[in-house]
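Structures for review follow.
Both complexes below contain subunit A, partnered by subunit B and then by subunit C.
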Partner chain A sequence: MSPTKPPLVGASTPLPLPPPFSHSALRLLTQGAEALVFHTTLLDSRTPVALKYRPPKPYRHPLLDRRLTRQRLLAEARVLVKCRKEGVLVPDVVALGADEGWLGLGWVEGATVRRVLDKWVGKRGEEGEGELMGLMGRVGRAVGRMHEIGVCHGDLTTSNLMDSPADLRSLAGDIVLIDFGLATQSIQDEDRAVDLYVLERAFAATHPVAEPLFQEVLRTYGESYKGAKVVLRRLEDVRMRGRKRSMLG
Partner chain B sequence: MATVETLYLPHYPDYPIYISFFKNVSNAPFLRQQLLEANTAFEYAFLDATMILSPRHLYAATFRALNDAVHTRLKSRNIHSELVFSLSPNNNIADAYRRFGIQDSTTSLLAVKIPLSNHDITAESVSKHLGGAVEGESVAFGEEALAGVTDLKALRKVYKLDSGNKGGGGKKGKKGAEVVVNGNGVGSGKDERAEMEGVILGIMALKGT
Partner chain C sequence: MIALGLEGSANKLGVGIISHPSPSKPPLILANLRHTYNSPPGEGFLPKDTAKHHRTWVVRLVKQAMRQAGVKVENISCICYTKGPGMGAPLQSVAIAARTLALLWNKELIGVNHCIGHIEMGRAITHAPNPIVLYVSGGNTQVIAYSHRRYRIFGEALDLAVGNCLDRFARTLMIPNNPAPGYNIEQLAKKGRHLIELPYAVKGMDASFSGILAAADVLAAQISEDLDEGKRLRAEDGEVVTKADLCFSLQETVFAMLVEITERAMAHVGSSEVLIVGGVGCNERLQEMMALMAKDRGGSVFATDERFCIDNGIMIAHAGLLAYETGIRMPLEESTCTQRYRTDEVFVAWRDQDTA
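What follows is the complex of A and B.
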C-alpha cells in the first residue's frame, strides 16, 4: 500500500459507493475477494486514510448480506481498537460506517515486508543482511505482542506486515500489522501456530533464500511472551498436517 | 465579532461547519442556561475545550454527527447534541453533556455550529451572534490553541486509556498505549497526544455498535 503506486483501473462501470463517498475523491488501491481499498482523506485534508469498503454481494439475501457485512466490519474494527489500546502497532480506526459497509483506517507509510524481501532477493546481495535480520526480529516481536494480547490475525502474510520507518530509505522502521479482516480474538495455541504457519509459507513462497530468514522471526517470537514456546512446539504439529485441523467431529 | 473558522469535512463539501474558540469565558452559566431552556437562538454545540484533545478529535465527532444526520439516524434531539454525544465513549446523553458539554465552571469554550441546509446562517452571522453572546477572548482554533488547554488526565480517565496498567498485573513493562513495541528507536518519536488520538478516534467510531 504505497501512495506512489499507480491507481488500478476499475471496471468499466464503476461500482456504486456508499454516501458520502464518490469516485472523484477516491483512488482504488487494491481489490480483494471481500473488500475494495481506496486512498482518500477523512476528517481533514491532512489525514490520509485507507478506506476499506465491503460492497453488498448480490447473490445473498439483502438482509443477511447487511448483517454479515456489518458483523465482519465490526469484528475488524474492534480488534484494531483493542490492538491500538494495548500498544500493538496497527492502523487507527478513524471512522466507521457499519451499516454502509466501510471502515476508514489511518494511513500507514512505508513498504510491505513482502516488497522489502523482493527487493533484497532481487539484489541477491549479502549487503544489508544484518539490517534485514533486524527487520525479521521486529516482525517476530510484533507478531508475539499481538498474540500476547489475545489477537490472532488469520491471514498473516508478508503483504500484511508493513515496515514503517520514519526515514523511508532505511529498513529500521516499526512493524505495523495491517488487514485484520479475518482476525479473531483468540488465545488458543492452535490459532497462534496457524498464524505462524501461514507466515512461514508466505516466506517460503517469496523465494527459497528467504526461508532461513524466517528462523529469525521464530527466534524473537519465542522470546516475546510467556506462552510463545508452547506455540512454537505446536507449529511443528501444524507443519506436519497443514493448517486445517481435524475435520472429524 | 468573534473569530470563526469555516470547516468543510472531506466528502461533505455542501455542509459548512463553523467553529469558534474562546478563552477566559466569564458567562458560561448564562450560555449553559440557554441550552437548558432550548433557546432556539443558541443552537450550537458548546463544548468544554479542556476535553478536546486535538482538532481531529473534534472533527471526528463532527463527522459522525453530520454523517448520522445525513443518514437520518440521530440518537439525540439534533445535530448539535449529537456532536456532544459523539464525543462520549458511552451511550448516555446526559453523561456526555456532563463530560464534554459546557459547565458553569467552563472558561475555555468551543462553539460549533452545523447549519445543515439552512443557508441563512453564515460565518458572519455566527461571528456576530457569538461575539455578542459569549463574554470571553476569541482565539483562532487549532492545535496551538488547544495545546495548553486540554486536560489530558481527565481525557485518559473518561476514555479509560490506562485500564491496561491498573490492577497490578504481572505483565512486565506494559504501559497501555504508550509503549512502542518493536521499533528500534528510529520511528518511535510519536508523542502522547498522537497516541491518545489514535485510540480515542477508534473508541468514538465504535461507540453504539
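What follows is the complex of A and C.
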C-alpha cells in the first residue's frame, strides 16, 4: 500500500494519472456514490476510456477504507474479465491501479437505462410503449445472462445498465452492464433474487410510473436461462422478508 | 389546532402535546414526556412486561402532560396514537388508552405510522425541506426518499435492524441497558483504539447486520476475562483487545455501511441533504460520519437530539395532526394497530407532489 495520499480531485485539477493515460483530455462525467468517473483517452488519444477513481472516504476509518477500496477494485476487475470471457456484455478492463484506487474501462457509447426511462416514461404513445417494452425485455435478458454465468451484480440499478448505442431518439441498443464494484461471483439463488429485488426497488423508487414495466423485465428474465424460474420464486421470499422487516418500530 | 399523541411501539411510553398555530407558523411543543422500560443487563425487553409498563404509566403521563401544557380538554382536536409498526402487546395497550380518551373526551382518533412520525418530526425540527432520510432504530433501518406523496424506501436492513444489532451486542458484553444499550456502547467505543476486522455487508442500497453480529459475538468470546491473558485476542500491535475496541470496531463498521447506503441513495436521486431520525440517530459518531460524507457532496446533515430521535409522543401528535388537518378521520372501529406497517403504505396528503 502506497503511503502517499492521493491528491484532491476536482474537474480542473490535473490528476496523477497512471502511465497509459494522457493528462490533458480529462472530462468529469459523474461523481457517483463511490467513484468519480472521467472520460479520457488511451495512448493514441483516439481510444476513449472511462476512468473510475475511488477517492478515500473521509468518514471511514482509514484501515477499513483501504481494505474496501482495494477489495472492490480487484473484485470489479475480476468480474469484468469473467463476464467478457463468457460473452456477457460489459466494458473491457484496460488498466488497474488497485492501491491508488484506479480502474480504466473501455468506453461504452449510449445512455444509461435510467436516462432513457426518464426521457420516455410519461410521454409515451402506443408506439413508444412497444419500444419501451422492447428495452425492458433486453434488460431482463442481459441480467439473466449475467446470472447464468454465476455473477451477481450487487448494485443493480437503472443507472448501472447502459443502452448502447442508443441515441435518445431510438431505444434499440444492446444492454451493457456496468459498475461491478459490489459484484460477487456467487451461484446462490438468494443473491440473484436480491439483485432482482434491488432492481425492482430502483424502478419503483425513481420511476413510479414505470413500475408495471418491470413485469416485462421479469418475464424475459424468466425465459433467459434454465435456473431463472427458481430465482423468480425466490424473489417472492425476498419481497416477503422485505415486508416483514417492518415488524418493529 | 392542538393534538395529543401517544407512543408505545417499543419500550418507551411517550405522551406529547403539540399545537399547530397556523399553516405558516412552526409547530409549538406544549409537552413531551417519556417513561422508559429497562430490562436487566443481558436481557431484552419482552412484549408482556413492556405492555404492563405502558399500562401502568399512561394515565400518570397523560395527566402530567396536560398539566404541563396548560391546555383544557376542549382545546384538543384529536387524539393520535401509534398504529404500528412495533410490538403487538405494547402497541395495543397504548391504543386502548387512546380509544378510552377519545370516548371519554369525545375526540377524533388518528392512527399514525411510527416511521412517518419520526420523519415529520425531524423535518419540523430541523427545517430540512426534502432530505434523504436515514431512519435507524432498534426495529428499523431504512433509507427513505420522498416522491409522489409517498416516503419511498430505497434501502433497508435485509435481516436485523442496526439498533437491534448494537443492543444485542451490548447484551453479549453484559453492558447495562440503562439509559440505553446503544448509548453505553457509544461511550465505550470512544475509548476503543484498535479496529478489529469485521465482515462488511452492503448489497446495493441494502445492508445486512446478522453476520457482523455473529462475528462480533465470536470475538467477544475471545476477549472474555475468563480466558488466560495469554489466550486472549490481540491486536496487530500485540496489545490485548478490549471491550472498548470491539464496540469501536462494531460502530465504525456498521456506521460506515449506513453512511454508504445513504450516500448511494443521495447519488441516485441527486440530493445533498440528509436527515437522520430514530434512536440510533442520537449517536454522535454516526452524525459525525454522515456530516463528513454530506460535506464531501456539498451538502449537509440534519439530526435531532434525544428528545425527538428517541421514540416520543410529540412526533405522533405532530404527524397525526398533519393528517387530521388534511381532513383524514379514523372511525373508532378502524382504530386498530398492526405490527407490520410499511413507511411507503402511507399516503402523504399533507405534502406537495414533489418537494416540501
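By our rule, the second predicted complex is superposed on the first by the 193 of 249 C-alpha atoms of A that agree within 3 Å, B and C clash if a C-alpha of one lies under 4 Å from a C-alpha of the other, contacts with A are read in each partner's own complex, and residues count from 1 in each chain.
Keep in mind that, in the parts below, a contact is a pair of C-beta atoms (placed from the backbone, for glycine too) under 8 Å apart; a residue touches a chain by one contact, two chains touch by 3 or more.
Please read these numbers as outputs of a predicted model, since none were measured by experiment.
*Asks:* Quick one: is A:Val230 in contact with subunit B, with subunit C, with both, or with neither? Answer first, second, both or neither.
*Replies:* After superposing on A, A:Val230 lies clear of both subunit B and subunit C.
*Asks:* Check whether A:Ile187 is in contact with subunit B, with subunit C, with both or with neither, and answer first, second, both or neither.
*Replies:* neither
*Asks:* Look at A:Gly97 in the shared chain and tell me whether it touches subunit B only, subunit C only, both, or neither; answer first, second, both or neither.
*Replies:* Only subunit B; A:Gly97 stays clear of subunit C.
*Asks:* State whether A:Leu156 touches subunit B only (first), subunit C only (second), both chains, or neither.
*Replies:* Only subunit C; A:Leu156 stays clear of subunit B.
*Asks:* Residues of subunit A touched by subunit B versus by subunit C: which partner has the larger set?
*Replies:* Counting contacted residues of subunit A, the larger count belongs to B.
*Asks:* Which positions of subunit A sit in both the subunit B and the subunit C interface?
*Replies:* Touching subunit B and subunit C on subunit A: no residues.
*Asks:* Taking the touch rule as given, give the residues of subunit C at its contact with subunit A in the complex, in rising order.
*Replies:* My answer: residues 9-10, 82, 84-87, 114-115, 137-140, 145, 147-148, 152-154, 156-159, 161, 164, 195, 197, 200, 202-206, 252-253, 256, 259-260, 263-264, 266-269, 288-290, 292-293, 296-297, 311, 339-343.
*Asks:* Can you list the residues on subunit A that touch subunit C in the complex?
*Replies:* Of all residues in subunit A, those touching subunit C are 31-34, 57-61, 63-64, 67-68, 154-157, 159, 182, 194, 198, 201-202, 204-206, 208, 241-249.
*Asks:* Which subunit B residues qualify as touching subunit A in the complex?
*Replies:* 7, 9-12, 55-56, 59-60, 63-64, 67, 70-71, 161, 163-164, 174-184, 186-189, 197-199, 201-203, 205-206, 209
*Asks:* Going by the contact rule at the top, pick out the subunit A residues touching subunit B in the complex.
*Replies:* On the subunit A side, the touching residues are 19-22, 25, 40-45, 47, 74, 77-78, 80-81, 84-89, 92-100, 104, 106, 134, 138-139, 141-142, 145, 164-167, 170, 172-175.
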